[in-house]
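Next, two complexes with chain A in common: one pairs it with chain B, the other with chain C.
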Partner chain A sequence: MGKYIIRRVLQMIPVLLGTTFLIYLLVFLLPGDPTDGRCGQRPCSPEYVASFRAEYNLDKPFIVQYLLYLGKLLHGDLGTNFYGNTVVSELAVRYPVTLKLAVMAIIIEAVVGIAAGVAAGMRKGKFVDNLITITTLVLISIPVFVIGSLAQLVLGVKWHIFPVTSTNGTFDQLILPAIVLAALNVAYAARLTRTSLVENLRADYVRTAKAKGLSALRTVGIHTLRNSLIPVITYIGASFGSLLGGAIVTERIFNVNGVGSFLFRSINTQDGVSVVGTVVVLVFVYLVVNLLVDILYGVLDPRMSRD
Partner chain B sequence: MRAITPALIGVASLALLASGCASDGGTNNNGGETGGATEISIRGCTPENKLIASNTNEVCGGNVLQAVTSKLVYYNPDNSAPELDIAESIESPDAQNFTVKLKQGYKFHDGTEVKAKNFVDAWNWAAYGTNTQLASSFFEPIEGYDKLQCGVDKESGEADCTKNKPEAETMSGLKVVDDYTFTIKTTTPTSNLEVRLGYTAFAPQPDSFFADTSQGKTEFGTLPVGAGPYKIVSNTATEMVLEKFADYSGAHAGSVDKVTFRIYNDMNTAYNDVVANNLDLTDQVPADQLVNDQWKNDLVNEDGTPRYGTKETGVIQVMTFSPIDDQLKSIDMRDALSMALDREQITKQIFNGARTPATGWVSPVVDGYKAGACTACVFDPTKAKELYEKAGGYKGTLTIAVNGDGGHKEWAEAVCNQWKNNLGVTCAVEATPNFQTLRKGINNRELKGLYRGGWQMDYPSIENFLTPIYSTGASSNDGDFSDKKFDQLLKDAAAETDLNKANELYQEAERILGEKMPSIPQWYQSSQYGYSSKIAEVKMTPFSTFDLSSIKLK
Partner chain C sequence: MSDSEHLLEVNDLHVEFRLRDGIAKAINGVSFYLDERETLAILGESGSGKSVTAQAIMGILDSPPGFVTGGEVLFQGTDLEKLSPKARAKYRGPKLSMIFQDALSSLNPVFPVGWQIAEMFRVHQHMNRSDALAKAITLMEKVKIPAAKERVRAYPHQFSGGMRQRIMIAMAIALDPWLLIADEPTTALDVTVQAQIMDLLKELQEESGMGLILITHDLGVVASVADRIAVMYAGRIVESSDIRPLYANPLHPYTKGLLESVPRLDQKGQDLLAIGGLPPNLLAMPAGCPFNPRCRYAFDKCRAGEPPASEEIEPGRTAACYLAGRLEGAHA
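On to the complex of A and B.
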């Protein structure tokens, strides 16, 4: 196990190098100089442009810019953005909110998704199964901004059941965005659980367990479910990784001040330093979460030894 | 790329987000009153820079600084006329030497008194090249400004502050006489200097500002200290909180004890919050809510009274003729294009009344405005066609360049269609990916045809719509317009001590624009705003900001 983890961590290095390079390339080779529109309809004063370009190394060749950035990155310095704040401090304010939202969404996703999947799998072809299949199909086919805007308008603005926005990121304010965020993933998790459960229910060991006289609850709950959950865990793990990247659309609709809306604003204002810094952190978080998920496999199924 | 695709979906969501149906106005309160203290929340957005008066040229930081600072002059929110605020008097015998006397007793939020040196030092600091303040050009009229700029490097031909430090640290045109008096001398006569002094960049700075040694004054800029009716008590990623300043001695004290600027990334969300009465004020109404007056149905109190308003603001949109397009040099051609434009139709159908057809180059909200300077702004397709043919027509495709990220494509397409129908010209819209690329194309004079230009006034004077945009070599003269008589009139007007006479000269200058057509005036802009049921009265200024002293709660 130890060797496996070390190998995986070492693999992260080329991935991180490659992604930072690509992101840096994409962001800083975009058309338009960041100083072009910063002074409204007037061109900025030459002093301002010169000091701005010097501060962000824009006056140097691209590869030198990138290496300078990489050097700072190795010291944990994500740079200071165009508005004078360090990217680390900007992210430190926003990550707790995004984390809270992601955890809430993932709990909803796991609980509702697995429960619905089990209910459907146990009664394959019956009414419950059909109901869940159709509901998940509807959820999958509606884009998230439609669900989000509709939920906000109906449940927030019209009926006053939930707060309209989540500016302060408190628990009650985040419930509605978490539900919206979980909606799509719930559907996938339920379908995965159902398929996997149906398959496993036909396995020999299940027949043996039944023949031994074990109750249906024990057969499904302990033996089958444990095996059936492996693909579901992979899926939930991966979706947790992307949720930590901040849900740009949902965060915008509900005014959640998380990583997603920060990234959106940074892209819009051409704040390249913030974009690169944020995405580098996102890549890193994603890699770590995936590693954790892979380690979890071993716990669920001891046969999957990694050494 | 992962990051970019959802952002695009986010933009698409704007349209759907706001297409909901009518609402009854809502009932829940967000606990506005606690223990007798009154408070309101206003839509805010993330400032682009630290909150330093001379380094803030955008609305997100400007909104807050407007309430935190007091200036020599205050703009009346109704007619934008300048009224003396910290200044007791501003006098000049020749429109070039000004004596400013301050009222005594004005205090900064840290308790120190506002004195003459607070103005002079602040202005010198802001104009000093090495400090690279975004609004430093506002100090240009003052004598000695050029000595504070960095020298030009011989090799690169660009200003270089590391090799060539500015020659002087203070402007020779500013002199402190005593604690409450200072003098300003301008390089050339500037009769409307008084009108300019209400701009935020001219705010005084306290001693603590100069004591801050952090790079770019970032510490001061987080919680700035001003002499305004409100002091800022907290500034986070989600909100900026202002409290009424107890020792404020001016005439424009705030009426509410606590004002919170809540940060929204999306104006649709803020609008929804106002509809649901969760937010008290929004200075923006999404464009799709204006369709069929949807917003007027949404924003109604339970007793049926409206909780919305419209204010004409000092913004004008024009299309500038590219100086490198030889086919557009003839006046007949320019008049034809302008006359073939049915402004009325576009403002109604595309902007749903949020724009008013322009009749000249100056916004109606300013001192000195006179309607009708643009004689070719009257829709007349027959005459337009005649002039167009007289000018020989336009060979090839006429392009209108707009930035693709600002919702300008719709009207530009409409303009093109009208030209196609009325003149028979082949016309196309050229949308750049963003504002930056459009500005780059314009600044480098790479674009042909016409390009979009929007001008928001810095100070409410007719002069602000003429000199910076159309005088020879001006900083925002995108069309390289140059006319000797026009320049001379501006000069004469600037030297005229009688404001009414000066305005007459400016109006005469504007009529020259009517003859030469350096650009096609399109429309004046107005701002739509909404407020919660808690608020009885609120005024918006011609700068699209809320006047906090005029707010009345129920």
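On to the complex of A and C.
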């Protein structure tokens, strides 16, 4: 197991190098100049532009810029953007909000998704099953921005059940965005749970459990569910990884000050340093969460454990 | 047959599967009995209803689609069919128990084997965790799993096929059941391992005096371990007999065919399947005797009306065939 983890961690290095290079290149190739619009209505003076470019190494060739950036990265310095703020400090404000939102969404996803999936799977072909199957299909087929805007309009603006925006990132403000964010994943988690449960209920070991004289509750609740939830928990873990990357659409609809909207704004304002720094962190977090999910999978399914 | 109480007595059992395409009558009036210390072999081709009979006795049929539509399952005089599902579940484990063909898929992949054996004591006897695990180790030793103490926390996939079946057996005999049903316990195993498992079952039976129902389609296994044999065809017992006379003089043409299809070392290369044709479709049974389309002795009477009833031909031997006991002289 230890060896496996070390190998996986080492594998992250080329992935991180590749992604930073790609994203750095893309930002470098963006049209326009970061000094555009920095001096009011007039174009900036050549002196200012020159000193600006020198300060941010923009006068050097691309590959030198990239290597200088990597050097700083190794020291935990994600760079300082053109507004003079370090990317670390920018993220320190926003990441907790995104994390909070992701945790809330993942709890909704796990609880509602698994409960709905079990209800459907246990009554396969019955009314509850059909209801849940159709509901999840609807959720899957509607784009997030439609669900988000509708929820905001109906539940927030019209009925005043939830705050309309989530500017301060407090718990009550984040409930509605968390629900919207979870909606799609709830649907997938429910379907996965249902399929997996139905499949496992047919397994030979379920017949053995009955032959052992176990109650129906124990047969399903312990023997079957323990097996059925392996792919579901793995899926939920992986979706947590994506949620930690921030949800650009949802965060913007509800004006959540998270990494998603920060990234969006940074791209719009051509704040290359912030874009690269943020993406590096997001890729890193995603890789770590995925490693944790893979380890979790080995723990949940002993047949997969790597020893 | 005496009127005294048997360990298990199955009377006129009927099971059907209510499927989308119709009703498949899988078991059509099966009757037999079993006493303590006795071994009954149930023999028959694939699909003849051996497993369904076993599952109906255990009360673990997949329902729906499977339903017991008639008959009694008397266990020590109690009709299990009349019990509530809860009361019946209490019989499984301490009174009757079952092992299956594929031990790998029949064990739960995500729990350690010791945990799965210990579960019997935890659930039925409310024993605490460590006592139950100690009992599990004792049982694993009893079924001759080497290094039981070290392997109690291992998972099913970490054992060989033979060892896995031993674990199934340990689980099944954990609560000292009166009756053990073994549904093709050795089919998935190598020949040498097959013999070891059969020896183990015999040994455990001699020690505890439990009744054993051995389901198989291997006539070779039957001869050495069974006291009596019941031959099934299309959900019926077509012949039931003490073991010796059956081999010498089969009463039913189907049994005769089965015996002729046992491969012999001196007849290499011969067609193993002496009985041509296929078992009938349960959704469209032929009129008369269900075996008639494949029977080389069949005559008019066999092809119409009800199937022939099971009758006692000799003491301890019954058969459901108009020609039972007269096959030697009949025209083939």
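One rule holds for everything that comes next: the second predicted complex is superposed on the first by the 302 of 307 C-alpha atoms of A that agree within 3 Å, B and C clash if a C-alpha of one lies under 4 Å from a C-alpha of the other, contacts with A are read in each partner's own complex, and residues count from 1 in each chain.
Everything below uses one rule, namely that a contact is a pair of C-beta atoms (placed from the backbone, for glycine too) under 8 Å apart; a residue touches a chain by one contact, two chains touch by 3 or more.
Please read all numbers here as calculations on a predicted model, not as lab measurements.
J.: Let's test your reading of the overlay: on chain A, do chain B and chain C clash or fit side by side?
T.: fit
J.: Identify the partner contact of A:R252: answer first if only chain B is touched, second if only chain C is, both if each is, neither if none is.
T.: A:R252: touches chain B, not chain C.
J.: Could you say whether A:Y205 touches chain B, chain C, both of them, or neither, answering first, second, both or neither?
T.: second
J.: Return first, second, both or neither, reflecting whether A:F264 touches chain B, chain C, both chains, or no partner chain.
T.: A:F264: touches chain B, not chain C.
J.: Does chain A have more residues touched by chain B or by chain C?
T.: Looking at chain B versus chain C, the one contacting more residues of chain A is B.
J.: Between chain B (first) and chain C (second), which, if any, makes contact with A:N130: first, second, both or neither?
T.: neither
J.: Which partner chains sit in contact with A:S215 here, chain B, chain C, both or neither? Use first/second/both/neither.
T.: In the superposed model, A:S215 contacts chain C only, not chain B.
J.: Using C-alpha centres only, what angle sits at chain A with arms pointing to chain B and chain C? Round to the nearest 10 degrees.
T.: After fitting both complexes on chain A, the angle is 160 degrees.
J.: By the touch definition at the top of the document, which applies to A:Q11: first (chain B), second (chain C), both, or neither?
T.: Touch status of A:Q11: no partner.
J.: Touch test for A:P163: chain B only (first), chain C only (second), both, or neither?
T.: first
J.: How far apart, in whole Å, are the nearest Cα atoms of chain B and chain C in the superposition?
T.: When the complexes share the chain A frame, the smallest chain B-chain C C-alpha distance is 36 Å.
J.: Okay, in this complex, where on chain A does chain C touch?
T.: Chain A residues touching chain C: 203-205, 207-216, 218, 223, 226-227, 230, 300-303.
J.: Taking the touch rule as given, give the residues of chain B at its contact with chain A in the complex, in rising order.
T.: Of all residues in chain B, those touching chain A are 1-4, 6-7, 9-10, 12-13, 16-17, 20, 23, 26-28, 46-50, 57-58, 129-130, 132, 134, 136-137, 149-150, 152, 158-162, 216, 218, 221, 236-239, 262-266, 269-270, 272-273, 275-276, 278-279, 405, 433-440, 443, 453-456, 468, 475-476, 478.
J.: Touching chain B in the complex: which residues of chain A?
T.: Answer in residue numbers: 26, 31-34, 36-52, 54, 82-84, 90, 93-94, 143-146, 148-149, 152-153, 156-158, 160, 163-165, 167-169, 242, 245, 247-249, 251-255, 257, 260-261, 263-265, 267-270, 275, 278-279, 282.
J.: Using the touch rule from the top, collect the residues of chain C that touch chain A in their complex.
T.: Within the complex, chain C contacts chain A at residues 55, 58, 60, 85-86, 89-94, 97-98, 100, 102, 105-111, 119-120, 123-124, 155, 157, 168, 171-172.
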